[in-house]
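Two complexes are shown next, each including chain A; its partner changes from chain B in the first to chain C in the second.
Now for the complex of A and B:
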C-alpha cells in the first residue's frame, strides 16, 4: 500500500510540476528579454477559461488547446503594448494583467462553473494505478512530454542559437544591443507574447487535464509561484524544472500529509515555495555576491533617446 | 329601509377594513443570495430548487443572485439593491453572510432576513434556519459500512467546524453499527466549492486504499475521482450531482428546502413570523436520504428504512459529537 501512496504522490507531483513549469518557462523567456511580467496568474486564468469554454462547447481538445494558448498570448500582448511600445511601468502593467485576467476569467466562466467536461486530455497509456516510476511517467499526458521538449528546446535556443544570443543581449544591456543594430522592441514584444502562450498552455493543462472543472480563481496563486520559480531557477530552464518538481512536490504533499498521519498545518506547506525562494536569494547574496542570474536590464524600459 | 342601508354600509366598511388589514402574497417579494452557481449540482442548487417550489406553491415573486462570495461588502451590495427594488424578504444561504445580515436586520426593520446555517437571530425580522443533516448522514454511513470491501472509507471534509465534524461522527456511527472493523479516514480541504483541492484530497484517500468516498463539499469532484478509480461514492446536498459519476453514486444525504420556504413565507404573510432559530430534522422532510443504488444489500436497505422510521418517529437520534472524532475515525478535528 505504501508503494501505491508513494507512486500517487509522485504522479501528483509531476502533474503539479508540469503546470508550474510551463508558465515559469514562458516567464523566463519574457524576462530574458528584459521585460518583467507579473501577470502570469492572469494569463494562466485566461488560457484556462477559454480552453475550458471551447472544450465544453465543441468537445474538440485540439481546438481548445489552440484557443487557450492563443487567447493568453493575445492577452499578454496588452502588457507588451503598454511596456514595450508605450514604455510604461512594467510592475504596474503586470499587476493589472493579473487582476484583469482573474476578473475577466470569472466573467467569461460564470456560466461554466461546476459544469462537467465530457472530454479531457487523457494520459498516453491506460494505466490506472501506477506501481512503479516508469508507469507513473506513462500515466502523464502529452503536455507533460511537450513540457520536457520545451525545456530542452528553450535551453538550446537560449544557449546555442543566434535568436537566443540576441534575446539575452537585449535583456542584459538593451543600449549596447541597440547600438549593435538589434531590434529591441520587436524582440521584447515577441518574448512577452511567447511567455503568454506558455502561460496559456499551463492554463489548458489545468482545466482540461489536471482538474477538469471551472470555478472562480482556479489558478489560486500558482502564477505567483511561477514567478518565484524563475528566480529559484536562476533564469535557467533546467534549474527551473528542478524547482518546479520541488514546488510541485510540496503542492502534492498538502492533502496527503493528512493521510500520512502528520499533524502539520496545510497553510504552512502552502507558504513553503515562497520561503524557499527567499532562502535561495539570501544564499546567493551571501555566497555569490548577489549574482542571481537576473537579466541586467529587467524591469527597465528602453528609451533610445535617453542617455 | 334607511336602517338596512346603514347596516349594508357597515358591512361593506368592515369587509373593506378586513381586506386592507390582512397582507397577501402580493405584498411580499423574496430575494435569494447564493454563494455558488444556482446550478452547481450541490448546495446552491438545492436552495434554488426550494425557491422554485416556493414560487409554485405560493405564487410569490422571487429573484436570486448567484456566486456572491462570503464577504460582508459583497452581500450588502446585492441585498441593498434588492431592498431598493422593493424586495422585503432576503434569504442568505451561506454561513459567511452572518455579520452582514445581522447588521442589515437592524438597519432595515421592515425587511425580513433569513440566514441559513448561522446562529444569530432576533425576535422580529431576523431568523436563522438549518437542518439536522447528521441524521441522514448517519443513514448513509450504514450504507457505506456495508459496501466497503477494504474496510477503509474516505471522507473528503470541508472545514473543521461543528457542523462538519458532527456530520463525520454521525456517518462513522452508521459505519460502525454495520461494520465494526471499518475505519473512516478524513482529509480536510478547507473549501466549500474547490474542485482542485477536492480532487487532490480524494486522490490522496484513494491511494490509502479506501474503496468508498463520502464528501461534504458542493462540487462533484470526489465522485469523479471515485468513478475513475472504481470506488463508490456517497454524495451530498442533492442527487443532481450524481450524473457526474453515475457508476460510483450510491446515495446522498439531501436537502429539501422547498417546504420550509413555503412555511416560513406563509408565516410572514400571516404576520406570525418573529425571528428565532429553526432546526428541522428528518421528521420535517427538510433532510432525507436519497434512494439507494443497487450496491446496497437488501438487509442493509431494510435496516436503513427501519432506522429512518425510528428517527422520524423520535424513537432514535444519532449522537451529536462535535468536540472530537469517535474512535473509528482517522484524522484530527484541529488540522
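Now for the complex of A and C:
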C-alpha cells in the first residue's frame, strides 16, 4: 500500500509543481529585465479560461494551448505598455492586471462553468496507478517535460547567450546598459510578454490537465505563490524549480493528511500552503539578510535624463 | 539623426490626477461598451439602466452609498500606508478579520447600553484589522520582508479562517444551505439615516476627515512622508522610519477592519463569506486612481459604490456583473496612460 500512496503523493507533487514553476519561471525572466509584474494571477487566469474555451469549442488541444499562451502574452503587453513605454508605477499596473484578469476571465468563462471537457492533455503513458518513480515520471504529460526543457533553456540563455547578458545588464543597471547602446524598452517589453506567455502555459496546464474544468477564481492565489517562488529561487531557474517542487509537495500533501490519520479540520488544512509560503518567505529574507539577488533596477522605470 | 527622449515635466498641472481620472473613466466606458456590444447588448440601454438602478431613487442611492463605505475606509487605509511607501494588498483579509473580531466580542461580552456596545464593537473591528496586519508589519520593519506578498497571502489565510468558523465553531444550525454564523441582535444594528443609508456613512465621513488631517496636517503625517522618502533624510531629521512604518501599517489595517465591522453591523448582520465581495481589491484601485488623496478616495469610492450596485442589478437582464469590475480596473489603466502625458514630455534632440 505504502508504495502506491507514496507514488500518488509524488505524482501530485510534480503536477502541482509544474503549474507553479512555469509561471514562476516567466516572472523570473520578466524581473531579470527590471520589470516587476504583480499580475501573474491575472495572466494565469486569462490563459486558463481562453485555453479552456478553445478546447470546448474546437476540441483541438494544440490550438487551445497556443490560444491560451498567446492571450496571456497579449494581456501582459498591457503591463509592458503602461510600465515600459509610459513609465508608470509597476506595482499599480501589475495589481490591475490581476484584478482585470480575474474579472475578465470570469466574464469570458461564465457560460463555461460546469461544462465537461471532452479532450484533456493526457500523460505520455497510460499507467493508472504508478508504483515506482519511473512510472510516476511516465505518468506526467508533455507540459511537464516542456517545463524541464524551459528550465534548462532559460538557465542557458540567461548565462551563456548575448540575449541573456543584455537582459541582465538592462535589469541590473539600465543607465549603464543604455550608454552601451542596448535597447532598454525593447528588451523589457519582450521580457514582460515572455513572462505573460509562460503564465499562459501554466493557465492551460491548470484547465486542460490539472483540474479539467472551469470555475471563477480557480487560480486561488497560485500566482502570488509564484511571485514568492522567484524570491525563494534567488532569481535562478534551477533554485526556483526546487522551490516549486517544495511548494508542490505542500499542495499535494495537505489534502492527504487526513488519510494518513491526522485529525485536522479540512477547512483549516487549506490555509496551510499560504501560511507556510509566508513563513518560508520570512525565514528566507532573514537568512539572506536582504541580499536576495534581486535585479538592481527592479521596479524602477528607466528614462533618459534630459541633459 | 533625430532622437526622442522623455523627460519629467518640471511643472505638473495641479489637477492632473483629476483630469487623468476623467480620461480613464471615458476609456473604461468605451471598453465596457465594446464588451457589451460583443455580448449583443446595447451599451446605452445597459448604462442608463445601471445609472437608474444605482442612483435613480432614494433606496438605490442609499444602497450605492452603503457599498461605498467599505471601499472608502479600506482605500483610506491603503493611502495611509502609502505615505510610508508601503502597499497594503491585504485589505480584503482585514475587512474579514474586523468582522470576525466584532462577532467574537459580541458573543463574549454583553453591554446593556446599546450605543456604547456599538462603539465598542466598531473599535473591536478596527483592532481586528490592525491585528490582521500585525505579522506583515513586524516582519517588514524588523527583517524587511516584502509586505506586498505577505499582506496578500494573509487574505487567503483569513478567508480560510472565516470558512472554518462558519462551518465549525460558529456555524448557525438555522442557516441550512449557506454556512454562516448566527445573526447579531437588533440592538447592535447601526441605525439608518435616510432610505437604506446606514449611519456607518457618517462614521466613514469622520474617518475621511481624520485621514486627511493625519496625512496632510499632522506632525505624524509629515514624519510618515519623510520616513517614506529617503532613509538618509529621515536619519538626519531624527525620525525613526521603522516605527512610523509600523504605526502606518497598523492604522491602515485598522481602517479596513472598521469597514468589516460596519459591513457586519449594517448590512450582513452575521459573519459569512459574504462580508466582503472583493472590496479590499477594489479599494486598491480607488486609492491608486486618486493619487492616495483622502477626499478623492471619498468621491471615487461613492462613484465605484454606485458602479458596483449598478453591476449587481444588471445581472437581472442577463449582463455579467463583472462588467462593473472591468470598468473599474480599466478606469485605472486609462488614468495611468493619461497621467503619462501630464508628467512627461517627449522631446526631439539632435544627436551628437
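To be clear about the criterion, the second predicted complex is superposed on the first by the 279 of 307 C-alpha atoms of A that agree within 3 Å, B and C clash if a C-alpha of one lies under 4 Å from a C-alpha of the other, contacts with A are read in each partner's own complex, and residues count from 1 in each chain.
Just so it is clear, a residue touches a chain if its C-beta (ideal position, glycine included) is under 8 Å from a C-beta of that chain, and two chains touch if they have at least 3 such contacts.
What you are looking at is a predicted structure, and each value in this text was computed from that prediction instead of being measured.
Chemist: Looking at the overlay, what does A:265 touch: chain B (first), chain C (second), both, or neither?
Modeler: After superposing on A, A:265 lies in contact with both chain B and chain C.
Chemist: Report for A:12: first if it touches chain B alone, second if chain C alone, otherwise both or neither.
Modeler: A:12: touches chain B, not chain C.
Chemist: Return first, second, both or neither, reflecting whether A:4 touches chain B, chain C, both chains, or no partner chain.
Modeler: first
Chemist: Could you say whether A:110 touches chain B, chain C, both of them, or neither, answering first, second, both or neither?
Modeler: Both chain B and chain C are touched by A:110.
Chemist: Under the stated touch criterion, which partner chain does A:256 make contact with: chain B (first), chain C (second), both, or neither?
Modeler: first
Chemist: May I ask you to decide whether A:218 touches chain B, chain C, both, or neither, giving the answer as first, second, both or neither?
Modeler: First partner only.
Chemist: For A:128, is the partner it touches chain B (first), chain C (second), both, or none of the two (neither)?
Modeler: A:128 sits against chain B, while chain C stays out of touch.
Chemist: May I ask you to name which of chain B and chain C touches more residues of chain A?
Modeler: C
Chemist: With the two structures laid over each other on chain A, which partner does A:299 touch: chain B (first), chain C (second), both, or neither?
Modeler: neither
Chemist: On chain A, which stretch or stretches are contacted by chain B in one complex as well as by chain C in the other?
Modeler: 110, 220, 265
Chemist: Residues of chain B touching chain A in their complex?
Modeler: Touching chain A from chain B are residues 36-37, 39-42, 67, 185-190, 193-197, 199-201, 203-209, 219-221, 224, 228-230, 243-244, 330-332, 335.
Chemist: If we count contacts the way the header does, which residues on chain A are in touch with chain C in the complex?
Modeler: 38, 78, 82, 86-89, 91-93, 95-96, 99-100, 103-104, 106-107, 110, 220-221, 224-225, 227-228, 231, 265, 267-268, 270-271, 274-275, 277-278, 281-282, 285-286, 290, 303-306
Chemist: In the complex of these two chains, what residues of chain A are touching chain B?
Modeler: It is residues 1, 4-5, 7-9, 12, 110, 113-114, 116, 128-129, 210-213, 215-216, 218, 220, 252, 254-256, 258-259, 261, 263, 265-266 of chain A that touch chain B.
Chemist: Within their complex, state which residues of chain C touch chain A.
Modeler: 5-8, 35, 87, 89, 135, 139, 143-146, 148-150, 152-154, 156-157, 160-161, 163-164, 167-168, 281-282, 284-285, 288, 320, 322-323, 325-326, 328-330, 332-333, 336-337, 339-340, 344, 347, 349
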